[in-house]
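Next up, some structures in structure tokens.
One chain, subunit A, links the two complexes that follow: it is found with subunit B in the first and with subunit C in the second.
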Partner chain A sequence: MSKLLEIEQFSMAFPGRGNLLSDVSLHVDDGEAVALVGESGSGKSLTTRAALGLFPETSRLSGSVKVSGLDTTTASGTKLLELRRNRASMIFQDPRAGINPVRTVGDFVTETLVRWRGLSRQEAEAQAVAQLEQVGLRRAKEMMRQYPHQLSGGMLQRVMIAAALLDSPELLLCDEPTTALDVTTQAGIVTLLREQQQARGMGMLFITHDLNLAGSLCDRVYVLRKGEVVEHGGSRQVFTSPQADYTRQLIAATPSIDIDKVPAVPVQDDQSPLLRVEGLCRRYTLPGGEILNALNNASFTLAKGGSLGVVGESGSGKSTLARMIVALETPDAGELEVSGRPRAHRALKAGERKLLAKDVQIVFQDPYLSLDPRIPVGKAVADVFRLHQGQTRSAALQSARELLDRVGIGPERFESKPRALSGGQRQRVAIAKALAARPKLLVLDEATSALDVSVQAQVLELVEELRDQLGLTILFVTHDLAVVSRLCSELLVLRDGVIVEQGSTAQILGAPASEYTRTLINSRPQLLWQDQPV
Partner chain B sequence: MAVTDIVAAPAPSTRGTKKKLKASPVIFVIRKVATLLITLFFASLIVFFSRFILPGDPARFLLRGRSPNPAALAAITKQYGLDKPPVEQYLSWMGGILHGDWGRSLAYRQDVSEVLLARLPVTLELVALAAVFITVLGLAAGILASLNKGGWDRFILISVTAAGAIPPFVAAIALTALFSVQLGWFPSFGSGSGGLDRLWHLTLPSLALGVTYIAFMARVTRSSMNEQLTREHVEVATSRGLKPSAVVFRHVLRNAMAPILTVSGVLIAGLLVSSAIVEQTFGLAGIGGLLVQSIDRLDFSVVQAIVMIVVTAFVVANTIVDLIQPLLDPRIAAGTESR
Partner chain C sequence: MTLTATLLPGLSKRRYGSMFSTVGWAAVVVALTVVLLSVLAPFIAPYDPNYVDLENVLSGPSLAHWLGTDAMGRDLLSRLMFGGRTSLVGPLIVVVASTIFGLLLGLAAGWSDGWISALLSRIFDLVFAFPALLLSMLAIALFGKGLVAPIIAMTISYIPYVARLTQQLVISERSRPYVQAYRVLGFRTSWVVLGRVLPNLVPTVGAQSTLNFGYVLADLAALSFIGLGIQPPTSDWGAMIEEARGALLSGSLMPALLPALVVVLIVVSINVIGEELSDRIGGNLS
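Moving on to the complex of A and B:
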């Protein structure tokens, strides 16, 4: 077998920022699927783009990146065009951002065929339709005239794959192609990529931050950290006997469903539940006048000190539920009681909101957006103490310092603005801000999905600790079953605004009653060397 | 194939969007045109009734310095219908406009429409030529700046910022001094006699008129292009082996058009108003100059007519921009546009 992609001692530096990649060496053979695993900032995207000669401006390169013998670091513009047109294709992370929104899907797919393969519009269209059907899209003919915003994310990613395959590349580069997609959609895309890669004998370089995903798709794995390859080898070997410390940490941090480790349901005493939801509904009227039932007739209770996971895919209504509980949305029908206080079916008044905020706090998904960029984190937390505990300025600062210390933000960070903190640190600050109100119920809305796995593990650990020590009640909204299995004793599965299954986590994960829950569980990446679940 | 099953169930949102698209364009156009008419109606109210709060009695002006003879004053007031209640005056004014009758000019003792028709073509040609310069030079400078980072970008940005600070009358004097006095390439006065001669005569005025807007257009184009250039779909297009020129034309310019177009709509009114100064400087008999004269002479019917024309041009231009936007970006038509 010949080496299709061969990267040798490749380094990339920026003036003033040092090396982003240092001495990266890796290779992909003909017909081989190789994974490149790393967290954000590890340089995995830079490495892949280098294979197509897409280098950031002002970068300084050394070493070589050869695709079928052509070194992209020194190749001329024409050679690079030839490489991109005939030899290597790339599938990007977010298909919605990657396909021009103002042109039709057909235009995107046939673009390359018409522009230099010399096909007529009809021929190109026929080929494109055939290819779209091959990647599992129905009614491809109609789709050709549609615009990207009319298709779902999963469909768009299939369009992108079809477009890449139309150029019959020898090398397929995939840059986190499923990260922006739901689990069940991800499973379909991964199967499709595997099928096509094997049927066509393409070499594939698959970038991901998810070790399980890498293990479910690729024969060999490279682990990248801060621009250096820390480990490489066969997938199974890397998984079962990792050599580098970093790989071991990564494997430990990767959440997995382990029914034995699910926290037990706390003993119910006969006091009334902290949160009671009965027949709760929320409808949205879409611009076209249609009505979308974001949440339909939801009923459940959450006892004091309990932990409830709300799981669902995008559009399932899980965030709508979380937002209603903290009164960011107003229910259309049904009852919602927090600490025995029923919620009115109107927007809350300022006083009511403040009263509710003492009981319920929320932590959002993206800590980059949920903190005010101009307020130092210490002051942000102190402000909450002053508002909700009525503390004086100095007492509040002291309390903030203690609390931040408690969540792992040292006093040296007290005066920092959010932009000086990493994603994990910001999320800790967001949690501290929520805790400063001394709430009984903490709602976490996808609070760890924007974080790297190792950071996610730390934040989960923190939440676990807080739950146990402070007796917090937790409602965790997420798409990830594994995260829930670790943190929540009870589980609620949502689909299209309807609760399809609810009960104790261990019971649902062990013996799911609903077909959909089974699909969700089975959609999680299966390692190549493990038996398929029955 | 197991893969197909997952895709088969269409997302609910997809279904909704499709249904809506069928009915949408007609409703969209009707709504825009209705907004246009309502805006014009309110504009006409303001234009007409603002006369009553301005100082000066038009009838007195007609008697020019002669000692006001109460009988003559009353006669003139009656002749021009100035004695009727304001609402009645408005209705007859509005009714006249709808029949193409804009009233009579006090100063020219002619129908306003005649006075305007003699002067409107020059202004329209001036503005049209300026618009061509703005589009061509502004777009070119903006595109050039955005595609050539470094020296060119900085050079264009600096010259464009400087040009943007030049008021039209300064530009007019400078251009005349250079191109007609020194080099003698272009005439410095008059509007010529139709055809190419007219074009030749209007070149300098339209450049003087457009210079601020060329700068403005260049900046908007540059920043809009720069924003699009960082988008992921541009990288995707490059990664598929499209030539840089094809990437720019197919995936950057088209997407960058929306803000450029919005700005163009707003420019129209500015051009019509600024034309007054340029017309004065180059001795062109256009409506800009006429507007200034008529305000001076309290010739209110002419003033009202010109202001109404400028307002209409502005509102119509912006409606056209609004109607073109969905053709450029289908997400606007679907109401799901999010930028």
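Moving on to the complex of A and C:
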């Protein structure tokens, strides 16, 4: 087999910023699926783009990047165009960002066929429809006349894959193509990519931050960290006997479902649950008058000191539930009681909000958006102490210092603005801010989804620690079953606004009663060798 | 893409870490020079701006009169410097006042739902419909010539520019998680809006107001030019152009050209600064 993609001693530097990639060497053979695994800032996207000759302006390059013998670091523009048109294709993380929203799917898929291959419109359309069907899209003919906004994210990613495959590339570059998708959708896309790659004998370079996903799809793995390849080898070998410390950390940090490690359900004190939800509903009227039941007739209780995981895919109503609990949304019907105080079906008044704040707090998903960009983190936390604990300015600053220290933000960061902090640090600050109100219930709305796996592991550890030490009650909203399995003793599975299953985490994960929960569990990436005898 | 970026692509690239591009810095220097010369006019101007010297009318540039004299023998440089004081103070008052009122009204319109927001929005639309110059002339017709009536009228016309922008910013800001976090934490709405959201808007709104300064200056100069603004003998750039019309007919360019040039220079400089500021802020916020 010849080497389809061969990157040798490739370095990329920026004036004033040093090397972003140092001596990266990797290769992809014909018909081989190779994963490039790394966290944010590891340089995995830069490496992949280099294969198409896409280099950031003002970057300085050394080494070589060869695709079928053509060195993209020195190749002429026309050669690169020829390469991109005929031999290599790329699919991206966000399919919506890569498609013109005002043209139809058909326009998008047939464009290269008509312009570069000189096919007639009819021929191009016939080929496109066949290709769309091949990637598992039903009603492909109708879809040709639809617009991108009429398709779901998963369908659109299939369209992108179909368009990439129409060029019959020898090399398919995939840049986190499933990261923005739900886990059940991801499973379908991964299966599709694997099938197509094998059927066509394509080489594939698959970029991901998810080691498990890499192991479920690829024969070989490269682990990239801060622009350097720290480990490479067969997927199984890298998984079972990792050589580099970093790979070991990454594997340890990657959450997995382990029923033995699920926290036990605490002894219930059913007389006074901290959170009681009964027949809760939230409806939205969509433009055009259609009514969407974001949450329909939800009922459950959460005891003091308990931990409940709310799991669901996008559109399941899990965030709506979280937002109603903290009064960012008003319920349409049903009862919602926190600490025995029933919630009114109207926007809360200032006094009511302040009272509620002492009962329940929330940590949002994106730590880059949930902190005020202008306020130093110490002051942000101190403000909460002043409001809720009635402390003087200096006492509040002292309390803030202690609390931030407790969540792992040292005094040297006290005066920092959020933009000077990393994602993990910001999320720690967000947690400290919430805790400063001394709430009984902490709602975490996908609070670790935006973080790198190793950072996610640290933040989860912190939440666990705080839960045990402060006796916090936790409601964790997430799409990731593995994360809840570690943190929550009880589980609630939502789908399309309806609770499909609830009970103890160990029981649900061990023996799911509903079909949907089973699908959710089975959609998690399965390592290629998992079902094979050792 | 700013206008200067189109005309002078090389000089309008901002170097990393620098506040402005080369063009931007040039604009800052020009604007500062004009402002300083005007502010310091009483101390550094070579002549009394109103001193009439009939033996020396319409003289060209000389050692005694660097930029020459006008039809009444008044020193043009001194008149330009003193003219800046009136010509710059008007826009300053308008910009400060319209920014303050615009911010407050915009906050109210952006934060409230229902009828308050709808009512304010319609009022903004209504004021937008009147050209600032027309409103000013109306005010002058009612209250008489001078600086006060047009300044009030201009302030009213420029409030919607600031308010509409503020309203849009507030609407996008209030749905941001950090603002929602403040709500969940139980902070009072007034504290969040005035203490936390408002300061985050100031840079963007400030950039818009900087742009407004240039427009207002040109508008006020136009009013003076048609004889409705500053009244003679007070020197003012717009009024100077008007007074020099006669000289223009008799072949003397300088008395009309110089104040016009200064107006163009300052308006262009302010616009460049405003554009670069808003570009910079837009880049930082997104």
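Heads up, the rule we're going with is that the second predicted complex is superposed on the first by the 529 of 534 C-alpha atoms of A that agree within 3 Å, B and C clash if a C-alpha of one lies under 4 Å from a C-alpha of the other, contacts with A are read in each partner's own complex, and residues count from 1 in each chain.
The definition used in the following text is that contacts are C-beta pairs under 8 Å (C-beta built on N, C-alpha and C of every residue); 3 or more make two chains touch, one makes a residue touch a chain.
The model shown is predicted, which means the values in this text are computed figures rather than measured ones.
Applying the document's definition of touch, where does A:191 land relative to subunit B and subunit C: first, second, both, or neither?
first
Give one of first, second, both or neither to describe whether A:353 is in contact with subunit B, with subunit C, with both, or with none.
second
Have a look at where A:90 lands relative to subunit B and subunit C in the superposition and call it first, second, both or neither.
In the superposed model, A:90 contacts subunit B only, not subunit C.
Is A:137 touching anything from subunit B or subunit C once the two structures are fitted on A? First, second, both or neither.
A:137 sits against subunit B, while subunit C stays out of touch.
According to the contact criterion defined above, which of subunit B and subunit C contacts more residues of subunit A?
Touched residues of subunit A are more numerous for B.
I'd like to know which partner A:437 touches here: subunit B for first, subunit C for second, both or neither.
After superposition on chain A, A:437 lies in contact with subunit C alone.
Once the structures are superposed on A, label A:382 by its partner contacts, choosing first (subunit B), second (subunit C), both or neither.
neither
For subunit A, which residues lie in the overlap of the subunit B contacts and the subunit C contacts?
Common to the two interfaces on subunit A: nothing.
Residues of subunit A touching subunit C in their complex?
Residues of subunit A touching subunit C: 16, 326-328, 350, 353-358, 360-362, 364-366, 369-375, 383-384, 387-388, 430, 433-434, 437.
Spell out the residues on subunit C that touch subunit A in their complex, using ranges where they run on.
16, 176-178, 180-189, 196, 199-200
Hey, which residues of subunit B end up touching subunit A in the complex?
Those residues of subunit B that touch subunit A are 1-4, 6-8, 10-14, 16-20, 24, 149, 231-233, 235-243, 246, 250-251, 254-255, 328-331, 334-336.
If you look only at subunit A, which of its residues touch subunit B in the complex?
Its residues touching subunit B are 49, 52, 54, 57, 81-86, 89-90, 92, 94, 97-103, 111-112, 115-116, 135-138, 147, 149-152, 154-155, 158, 160, 163-164, 167, 184-185, 187-188, 191-192, 195, 286-290, 292, 315, 496.
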